[in-house]
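Dropping the structure in here first, questions after.
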C-alpha cells in the first residue's frame, strides 16, 4: 500500500496520466496556518521546465485542497487531502507503440504483475510525477517544522562526477554552525541547488553534454535538518535510519542511502569516527562532531541529521537500446521518444527535503509532540 | 516496537545481561522440518570467540524453542518462540563506574530517555548481542528459502580499506552465473568470510593492527540472494528497497545501505547503468546485466538481489576518549574496559544474511507464497 | 489515522462541508471492469432524500474517479482514488450559533482536542456524510466479490422495537439455503430494507411518529455474506471478528457488534449452541448449523458470515436538550436545527454491506487471493 | 500475526502443550516497580482449579521474566518478555484418538490450514490457555494504570440466564459514583465475580447443573474503567470502540461486544439515550449520564468506559456429539474426554480486565502519555 508513516500517515495516489494525482495526509495536528504562497514556491522548485536539465511538460502543479483546512485556512486536525490536476492526460496510443519494456524502468515488472490492465501511460504509478504530491505534503510539514525551529535543506553533493562543497555539518562548534547557517541561506537563493556556483555550472555543463549525446547522468543528493529535537526514534527496526530509509527509498531512482559518515565510516578507524562528548554552553553533554549524522542507537542526538541519497541516471535515454518485444517475443531495438530529464537529481533535491520533513514530523508526533497542541 | 515484517512478524527481545534474549517469529508457514544442526552451525558463525577479531564472551548461543514446532520438530503454523540464555548476566557494578557515556554508543540517548531505569549493563537493548536472535530467526528462514531454491550469501567486501573480490553478480550470462555459484560454494568453506583468501588475510592483519593500537576499524558487507522470485514487493514506500533497508538499518552499526550499483550508479551514465533486456533460454524477457541489483520500481526482477551495508568501526575502543561525567556534569576521560571486537563487520556477515532472509521470506509471504502450503 | 485494512487499504477523507470527500483504495487487484451504473445504484441506497425517514440534503453523491482505472475503465492495480463533491459547502455562521455541544455528538471531544481550529460545520469529520466514500469503496468490493461468488446483503433486523424476520442463516440444509437466496432476492426489490414488508411499514410508522415528536429511534442491522471462502482470518487479535468489528465500529453510531448467535449465545447451553459436523454432497466435513456465524477460532468455516450491529438513535433531535455554553461556561438549552434523519439505521444498511465487503475482500487478499489474478 | 496494539505492542506466543507460553510487551514505559505479588494474585483469579466451574489442570502459572526489568525490578523501557512454563506438556496420543473435529472448536479450520503439521494437542494455539499470558501482560498494565488513577473492574453480568446487578455507571452524579466505588471494592472480596452474592450462588448452581448433565453454559462479562482520561482514541477506524473490540474479540469464545447502552441503545429513543451536558464541580462541561459508555465519536469523554462481552458456552461438553472422522471421511459420534470448564465466563472476567487494561494503556501511550515519564 502506498501509505507510510506511523503517526503521520501519507497516502499518495495517482498515475502519470490519470485525471489527477494527490495525497491524503492523516494525523496532521490542528493549527497550522498554511502559507499557500510558500507552498507554490516549493512546488516550483520540483516542477519541470526550469532549464535545459528538466522536461518541458508544462503543468502548473497547483495544489488544490479538498479537505482538512478550516474556513480560516488553518489545519483543522482532520485528514488533509489535496489534488494536483493532470492537465496533460492524453493516453498515448500504445497499440501503435507496441509493448517493449524500457530498460531499467518498471515496465517489465508492471506487465508481469498486472498484464494489459496496467495503466502504462507515462509509466503509470511508477512515474516521477508521483513525487509532486510527496513534495506538496512535505511542504506542509516544512512549514510546521519551521514554526518549531527545525530547518531542512538539501543540495546536489555530486552530479556526473562533479562534486559540490559538503554541508558544514561534521563539526559542531559555533563557527561551523554559523557557516552551515549561511550555506542554507545561500541555497535559498540558488536556481540550481549547489553550494558552490562553480560546481553548479560544471554540473549543468555535464548534464547538457550527456543530453546532447542522447544520454543521462546520475547524482548524489545531500539532505540535512537542523534544530532536530533529541530523543526521536526507537531502537532496532524503528530506528530513525530505518524509518527514514524506508521513506527515502520510496522516491523513484534512489539506489543508496547513507547517514552521517555513511560508507565513509566503513573506511575509518573508531578513533577517527567516534564523536567525543563535551559540555555545551547550557552545560549539557553534547557531541563535539557529528560523524553519526545526528543518530545513535536509532535515536536522534540533537545534532544535525545528515543523509545522502544515490540517484541513478535517468533510465529514459534517446540512444537506441536493446530490449524485447513482449507481443512478438523477439529482441527489439528501443528508442525512447519524448523529452526526459537528462538528470533527475536536481528535481530530486526538493523531493528529498520533502520526504525528510515528512518523516521528521512523523517522528516528532510519534513522541507525542507536546508542542503539536 | 521491536516488531518488523508485514506477513512474517519478527519480535526480538532481550538485553545484554537479561536472563535470556530471544525472538517470536509469527506467520511462519507450517511444514518446515527444522534442521537444528544447521541452525547451530549458522549461529556459530555469529558467535564470539572465533579469532583475534572477536570478543571472548563465551556463550553457547544455544537456541531453545519454547513453542511453534510440533512433536515431529516441524513448524506447525503457530508462532515460533525461542530463547537464548544469557549465561553471563553479571550486572556490572555501575555505581563504581559512574555515568560517563561512551562516544558513538547509545548510552547518552538511553539515559536521556529512560534515566536511571535504563538497564545499562552491557548496553542494554542496544547491545550487538541482540543480533543473536535475529540470526537464529533468519537461519530458519534460510532453511525455508533453500527448499524453494533461494540461496543467500554474504562476504566482507571491504575492511580497513582492504577490498575483497566482488560477487560475480553484475552480468547475468551463464558463465558469470556459474562463477557466482562457485563463489558461494567457496564462502561456505571460509573461516573468515571473504572470497579472496589473500584479502581475508590482509583484513585480519589490519584488524589485529588496529586492536594492538587500542583502535577499531569498519567495513562493508555485501549480501546477495539468488533464485529470488520475480514480482516481490510493491511500488513506492513498500518497495523491496524500502522494506529491506528498514530491516537492515535495524542492525546496530549499519550506517549505509545500497542496492545494485548503489552510490556507484550516481557516477554512471544511463547508457552504462541501464540493464538491456534479452530473451533467455525459456524465451522470456530478462535483463542482461544487473546494475539494478534485482529490483526495478520497488519490485524484484528475478535477477540476483544485491545489497551492500556500511558498518562503522566498533565504538568501544581501548584508547582514552573525551566524554562527560553525567553525574558531576564535568568533562571526563573515558577508557572503555573489557574486550570488544576491534571490527564488528565479520560477525555482521551472517547477521546480514539472516536479515536478508527474513525480509525475502516476508516478501514472498506477502505475495501469498503459493508454495508456502 | 483514517486508514484501515491490511492488504486492501482504505483511507477515507473529508469533512461534512469541505470541498469534497473521498477515499483512496489501495491494493485493489487489477482487472475489475467497474460497473459505474451499479455503483450509482448502490450509492442511491445510502443517499439522503428518499423518504420521510431521511434528510433532505440534496446531493448527487456522484463518484468521480481521479485515478486507478485504466483507459478501458478496468482497475489497473494502482491505487484507486475517487471524490464526491460537497455541493452544499456553506460553512454555517457559527459565531452567531455559539459553542454549545450537542449531546451524544462528538462536538465536545472535538473541541477538547482541536479547539477553535476544528472544522465544526456539519460535524466535521464525524459527520455521517463520511459514510458515502465508505459506501462507494465497498461498492467496488461488492463487484469484485460477486465475480468470485461472494454475495453480501443486509436488512433492518429491528427498529424502534419492531422486529423483521431474521435471515435464514442458522441452518445450513439445502431448503434453508434456498430460502436465504430468495430473501436476498427479495431485499433487492425493497425500497425500505426489511424482509417482511409489514415489518417495514411498521418501522416507518414508528420512525415517523418519533419524528413528529421531535425525537429519534435506533435499530439493529443484520448483515450477511454467502459464498465466503473457508480459511480466511487468523487466530487471536487478527481473527475475522477482530478485523470486522474494528471496521464496523468505525461506522458512526454503531455501539454493538455480534457474530452468529452473538449475545444470544451467552444464554444458550453448549449442546444447543455447538454446530455439529456432517458430510456435505462433496463428501467434505461441514457444519450442520451456524450459530458460529461462519467463524471459528477467528477463521471462516465457509458457512455464511452473520453479523449484527446496534445503531443508536440519531443524536440530533428537535426536542430541547440540556447542554453547556462553552464560551460563557454556563448551562444552556439547546435546540438542534436543520433536518436530520429521525432514524439512521435504514441508511446504515448499505454502509454495513459496504464495510463487510471491504473487510471480506481484504481478508481474501491477505490469504493471497489466487483468483485475484 | 499475534501482535496487537499500536504504541504498546502485545505479542502472545505458545500452544496448549508447548514447552512454555508467554508474551513480549513492547513500548512499556520505564519506571514501573513491578509488584510480583499482585501479579501472582491476579493470575490466580484466572487460574484453573478454583471450584466446580473450572478445570483441574494444576499449573502454577508462575510468570518468569526473561528481560525488560532492571536490576531493581523496575521496567527499564526495553521490551518485556516473560514465560509461563507448561508443566503438563504430554502430547496426547492422537494416533489412537483419530481425527474428529470437536464441534464449535477450531479443530476443523486448523486442519484445513495446516494439515497434520498442526500442533493439535490441547487445541494448539487456539487453547484458552493462551489467555494466561494475556492476563499477565494486562496485570502489568493494571499496575501502571493504577498509578495514574485508572481503575479497571469486571463482573459476570449474566450466566445461564441468571443476571447480576449492573455496574452503577449509567448515571454520573456523586452518589452513583460512590456506589460504583463500593461495587468495585466489593468485587475485590469475591471468590466468584458477581456484585450480588445471591446471583453468584445461583450462577454456580446453574453451572453445576449443566456440568452434571454433561453440558455447558455461556455468560456475559461486563467490564469497566474509571478515571479514564478524556481525549483518547481517534475518529473512525481508530476509534476506541474499534481498537478495543479488535482486542476483545481476540479472547477465545467472545461472540459479541457492546459499549455503553449497546444493543439496548437500538431500542431507545434519542431523548432517552442522549447524555445531556452539565457543569461539574470544576466548572467543566461533563455528561450527566453515560449511555455512551464513555466514548463519543470514537474518543473518550472522561466518563467510565463500559463494555460488555458475550461469552459462548464451552464447546467441549461431555455429551455425545455428531461430527466427522476426517481420516475415514465418515460421520462419527464424538465424546470429548478430559475435564473442561462447564462455563468459561468466570475465568474470562480477569482476562477481560487484562485486555481492557492493555488497550487503555495503549490508547494513553498513543496520545503521548505525558505522565508516562
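General observations
The letters A, B, C and D name the chains in turn, as written, and every chain counts its residues from 1.
In this section, contacts are C-beta pairs under 8 Å (C-beta built on N, C-alpha and C of every residue); 3 or more make two chains touch, one makes a residue touch a chain.
Computed from a predicted structure; not experimentally measured.
Annotation of chain A and chain C: jointly contacted by B, D, touch as defined at the top.
Ranking all chains by how far their C-alpha centres lie from the centre of chain A, first place goes to D. Spacing of chain B relative to chain D, judged by their CA centroids, is 39 angstrom. The geometric centre of chain A is 27 Å away from that of chain B, both derived from CA atoms.
Once the centre of each chain is set as its mean CA position, chain A and chain D turn out to be 46 Å apart.
With touch defined as above, residues shared between interfaces to two or more other chains in chain B number as follows: 1-3, 12, 110, 113, 125, 235. Only residues 1-4, 10, 12, 101, 103-106, 108-110, 112-113, 125-126, 130, 158, 160-161, 210, 215-220, 230-231, 234-239, 241-243, 245-247, 249-250, 252, 254-279, 283, 285, 287-288, 291-293, 296-301, 310-317, 319, 321-324, 326, 329-331, 345 of chain A touch chain B when the two sit together in their complex. Residue ranges of chain A in contact with chain C, taken from their complex: 1-3, 5, 9, 11-15, 18-22, 24, 26-27, 30-31, 64-71, 74-81, 83, 91, 110, 113-115, 117-119, 121, 124-125, 373. Interface residues of chain B facing chain C in the complex, by the touch rule stated above, are 235, 367-370.
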